[in-house]
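Two complexes are shown next, each including chain A; its partner changes from chain B in the first to chain C in the second.
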Partner chain A sequence: MKIKRLLRSIIGGEKRQAFIIPLLAIFCSLVVSALLLLSMGRNPFVAFQSILAGAGVLAKPNYAGGRGMVTDIMMTLAALTPMIFASLAVTVAFKGGLFNIGISGQMLFSGFLATILVGYSDLPSYVAIPLVLIVGAVAGALVGGLIGILKSKFNINEVVSSIMLNYIIMYVISFFILTRYVDSITRNSSAINASARLVFQNFMIGPYRAVLPVFIILAIGAAIAIKFFLDRTRMGFDLRTVGLNTQAARYLGISPQLNIMFAMTFSGALAGIAGVMHYLGYNDMIPPGSLSSIGFDAIAVALLGNLNPIGTIFAAALITVISQGTTYMSSVLDIQREIAQVITGLILLFSACGAFLRQLLSRTGERTE
Partner chain B sequence: MDTVFIDGLSYGIPLLCIAIGGIYSERSGIINLALEGLLGMGAFTGSLFVAFFGGFFVQHSSVPMYFAFLFAMIGGALFAMLHGLLCVKLKANQVISGVVINILAIAFTGFFTRQLNSQVFGQPSDRINLGVSVRFDIPFLSDIPIIGAAFQRVYPFQLVIIAVVVLSWYLLYKTRFGMRLRACGDNPHAVDGAGISVAKTRFVAVMISGALAGLGGMSYAYSIAASFSPGIYMGTGYLAIAALIFGNWRIMPTVAACMLFGFARSGGQRLSHLLELPASYSDLIFTLPYVVTLLVLIFFSKSNKAPRALGEIYDKGKR
Partner chain C sequence: MENIIEVKNITKAFPGIIANNDISLEIRRGEIYALLGENGAGKSTLMNILFGLYKPDRGDIILRGERVIISSPAHAASMSIGMVHQHFRLVEDFSIAENIVLGIEPKHRFLGILPYVGMTSVNRKIAQLSRDLGLDVDPEMKVSDAGVSIRQRVEILKMLYRNAEILIFDEPTAMLAPQEIAYLLKILKNLKEQGKTIILITHKLSEVKEIADRCGILNRGRLIGVYDVASTSASDMAAYMVGRELDDELPPPPQDFGDVVLDVSNMSVAQRGLKCVDDVSFSVRAGEVFAIAGVDGNGQKELADALAGLIDVSGGSIMLSGQDMTRASVRQRIEAGLSYVPEDRHGIGLILDFPLRHNLALRRYYVSPFCVNGVFKESVFDDFSTGLIENFDIRCGQGGHTVTRSMSGGNQQKAIVAREIELASKLMIFVQPTRGLDIGATRAIHKHIMRQREAGHAIFLISMELDEIRVLADTIGVIYDGRINRIAPARELSTEEIGEYMMGVKV
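Then we have the complex of A and B:
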């Protein structure tokens, strides 16, 4: 009882919980990661510092010619853009009571379609870029919608069907890339034309060369718009009601079937935009036979961001910094760069425990007050 | 035709083992999407044993392999405790918990395999090589025409798994423990009323689930993959879930489902071989089990009955 009361005094009321519980999850996972690093004889503080430096948040001791902190931070922002969209996709599906684990597949599908339809064409930028975004959103929405139909009409668990679709999409696209669009040197798909790319390359900021990820603004705008949609519109209310209680939604005259399909289509469209931001922005080609880890990291981000679109921006920034900064850290500390995935996984684990903490505290509240 | 039988069984039987693991967990009321991670974690634990202690045995001895299977079951069961802890004790969302376990398992095993290879064994690689297990023909039975193929070039683990399957069928349907476990999935209040702990029963069920998944994962490491590497995560855990849904959460129909998936895979490979398709077409063949799974689910998901309390957090006070 005492421990609970102590916890409660730290964490506070419901309003504060929204901030404190994710922070607690981050703290716990950093402690566990630090212990892990210590057990391997590495200094965890040096590790965390070099993660931040690698992502451009702190300065590195030295840089290659023409590169600076701004080069790294711009790269991090370019990687952050698809991450925000992917996490919004998780969030929207979650609010509708669905678990979209097929984001990686939807991203790959939209990225591939946009690459072959627009990326290889000679259209000027002002036509190509809007087209890429539209193709991406529609392609993602189609896959998401399919999962929604399978769920609402055929009662197929969306997790299972989206995993199956992930593999089908991955293999089929790998087949097309290897037979038609392969670059003979890199063994990836051939690079897209620069005019269709969503991240502007080789931009000079002062003396430093950097990329210019303009669509980060769109990502932040989308987060705000989705926050408004979920909290303030009729459709957003319907979607959340179905997510919270299907039975209650039915009594209110809200169709669960329709909303399931809508939520998955919407989520798929967001994932599709994430896909073009990743494959035609941060990258300019698609490696065959693999799915991006963004789709899975986005689940961690959405949970960490408390399923709040605004919180998602901050959570996405954290996870992106970790994954971007680890390459540098692994060279500084001579440790495998997969450690980034481990840290992300731990954050995910502790975020999943958040519900328990919240429940525990609300019960204590009832008893003590 | 024979190769279709042989390969189909060597893929389908470990899948069955994993699916039965899933049945144990789900019949007790705990959704187990963590099978993928559990099978990987189990195979990793078993491979770790071989990597460290394999050298102490006589060369080409198959003793380390049996130890690897034992350790895979232990590793799977221990890691499954995390799922049990999250779902039963911490009352987390079971779907989220399962996916978290998978992501964590993929991250952990991938990281430690690389780290161990570069630090302990001095060669940067993402795999622990195991080699392929010996295979043998079962005397007399393998001489029967047509169906004899099912008894040719059998991996020892196939026999182990069949024994485990029979045992787990008996445990689930014919013992008091099995009855209580199934009751936990359908009517946990009744179980509680009878004075049996729902939490404990579910926890044990999840651990059994992990052990069986680990055994199945280790079988793949010793056959198709011939190593432990991140390549072991090829969605088998999710295929197993599809198989058990198809099998209506009952062991015997699930056996049929797993065999169907196994033969879809080996049949597809045989077909591409017969048609002399170029190697790039293998990517299309790889999609077959997943396509079959989706189709099967489309036709069978609507009519089947999940355990009634599946996915519900047990709350004593709730009616």
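Then we have the complex of A and C:
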């Protein structure tokens, strides 16, 4: 009991918990990572610094010709865009009481459809780019909606159906890429035309060459819009009500079935946009036979962001910075790239503990009041 | 005959209620002793004390002539006391035999090293036990495949496997179908013949009459008396159970009733193939409090849920102010003039993780002025909740922004009542509106209900507490086994008569 009281005094009330617990999780994971790095004989501060430098947050000591800090940060933002959308997809599903673990599959499906429908066409940018976004959102919504229908009509657990769909989508699309769209040199799908690409290439910012990830603004806008949607609109309220208490929703006359379908469709649409941002933005091709890890990392990002769309932006930024900074860190310190994944893993582990901590505290709180 | 267990002057208080008040009982070896009483009379508390789940505030337990302190269920089991709870405690994915030996598994070592649980001998032993008592249980069956009746027998075997001599059954027939009840009663008789002592908690008089030797009757935490079952009539027992002093409570002052608001005819409801509301007809008029009296689990919850549109009826019709609502959706009924304070306030009445201001507006949030073009007007929510919090005296730390989960039960219930009354519906349904609340909150809610009656709303009240019905009801319908067997003005029904219908003595 004493320990709990102490924790309470550190962490504070409901409002403060939202900030303190994720920060605590990050802090703990950094400490443990530092210990890990020390045990390998590396300086943890150099490691963290080189991660930040690799992601373009800090300056590197020297750059290749035509490259600068801005080059790296723009690349990080390009990677951040799909991560935010994918995390928003997780958040929306979670708020509706659903666990969308099929985001990677939905991303691949939308990325593939947008690639073959728009990516290989000769349409000018101002037609192609909106079309890519629309195709992406619709394709993702179709897969998400299917999972939602299976759940609400036939009570098929969404986790099972989305994992199965992940595999089906991955292998079917792999088949089509390898038989029809393969690039004979890279063994990936052929690169899309630059006019359809969502991240503008080869921009000169001052003396430096960089990409221009304009849709990061759309991602941030989407997070704000979803925050508003969940908190301030009737549909968002219905969705959260169903997510928190299906029985109460029925008592109030809110249809759990409709809202489950809606939440999954919405989540799928966001995952679809994440898909085109990844496969037709950050990348310009699709590697066959694999799923992007973004869809899975997004689950953890959403949790770290407290299932709050705004918090998601920061959590996604943190995780993206770490994964983007890895290559540089491993070359500076001469350690394996995987160490960065260990750090990411630790952050996620501790943020999961944060949820446990919060529950523990709310339960003791109830008893004392 | 010697007393196997005695309790002397046991008192146990919970905040706001004395559950057991100076109770003394003597239970003889080899008898079936029934413990009768209404909901909340203190039966379960007393048995939980015997089973080591609660510690008494005062008083002694004397087991086989020695004073003992029972500190935990495991301790109780070691002193050969066993209990079958109303809600079974079984592991779904385990076989019946595995459930039975859980905690006392026979441990063997393969080749003297690798530990394992030897189930073969266990299965054989349980099959033997089961055959001896006519329990008809397959030890290797998975519990998830077993029905309610079999699960109960597993619980019985669990006690017997631990060599229990004193067997406590907490309302064992509550979840069983009639033929399963007959079977269980036969098993209980077998157990008695084998020399076991049985304590049976129940509020079904017919079962007491059929198998018990003696019965102790509890009312509001006090022991009213101990009676020899063979020489006491069922109607006397019913009268002792509900208690006589209740007649002092004054029924509401007479007032003229208006038009019929709710008209239910021949309504039936079936759940999982069992008929729980059976051909029920009644009507409620404006300004009338129509109360359903009955023991818990006789179809009250289903009756209310069917009226509110949460579950489908299997027959009959529901008319609300002349409109047919039999197949209407929940929202159609609400909008046609229905309020519903449900029994399960945490499960369905509130979204505990929402702030109070949202919970108070749950019936109105989707229409103007709360919501314009699909977007909430936050200031309307604030003003609305502030008004209700004041009018209904809801105590909450941070006003409308208090997280509902952090509020006390009484204030949570006030919030639901406030929300439903504010609708000013023609028909207001209240199910167990004061269950678990302290006296202050109970009075406040009663006052609100009476005010709505005076304002000319039709009130449909379901309560398991007779005194609540006594102070509120104009008309009483008594439900037993899904049927309303008697409907009469409250003044014409004596408490004894209600008790007899409630217990199924009269039908």
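Descriptive notes on the structure:
Definition applied: the second predicted complex is superposed on the first by the 362 of 369 C-alpha atoms of A that agree within 3 Å, B and C clash if a C-alpha of one lies under 4 Å from a C-alpha of the other, contacts with A are read in each partner's own complex, and residues count from 1 in each chain.
Throughout what follows, a contact is a pair of C-beta atoms (placed from the backbone, for glycine too) under 8 Å apart; a residue touches a chain by one contact, two chains touch by 3 or more.
If you're wondering where the values come from, they're calculated on a predicted model, not measured in any experiment.
Superimposing the complexes on chain A yields a three-chain arrangement in which chain B and chain C clash. Looking at the shared chain after the overlay, A:Ile163 reaches chain B, while chain C stays out of its contact range. When both complexes are overlaid on chain A, the residue A:Arg234 reaches chain C alone and has no touch with chain B.
When the two complexes are overlaid on their common chain A, residue A:Val127 makes contact with neither chain B nor chain C.
By the touch criterion defined above, A:Gly253 reaches chain C but does not reach chain B. Once the two complexes are overlaid on the shared chain, A:Met40 sits against chain B while remaining clear of chain C. Touched residues of chain A, counted separately for chain B and chain C, are more numerous for B. Once the two complexes are overlaid on the shared chain, A:Ala18 sits clear of chain B and of chain C alike. In the superposition on chain A, contact of A:Ile339 is made with chain B only, not with chain C.
Contacts of A:Ala59 after superposition: neither chain B nor chain C is touched. Residues of chain B touching chain A in their complex: 33, 86, 90-93, 95-97, 99-100, 103-104, 106-108, 110-111, 114-115, 118, 234-235, 238, 241-242, 245, 280-281, 283-284, 286-287, 290-291, 293-294, 297-298, 301-302.
Across the interface of their complex, chain C is touched by residues 14, 232-235, 237-238, 241, 244-245, 247-248, 250-253, 362, 365-366, 369 of chain A. Only residues 308-310, 329-331, 334, 340, 342, 344, 347-354, 358, 362-363, 365-366, 371, 374-376, 378, 403, 405-406, 408 of chain C touch chain A when the two sit together in their complex. Interface residues of chain A facing chain B in the complex, by the touch rule stated above, are 40, 99, 101, 150, 154-157, 159-161, 163-168, 171-172, 174-175, 178-179, 289, 296, 299-300, 303, 335-336, 338-339, 341-342, 344-346, 348-349, 352-353, 355-356, 359.
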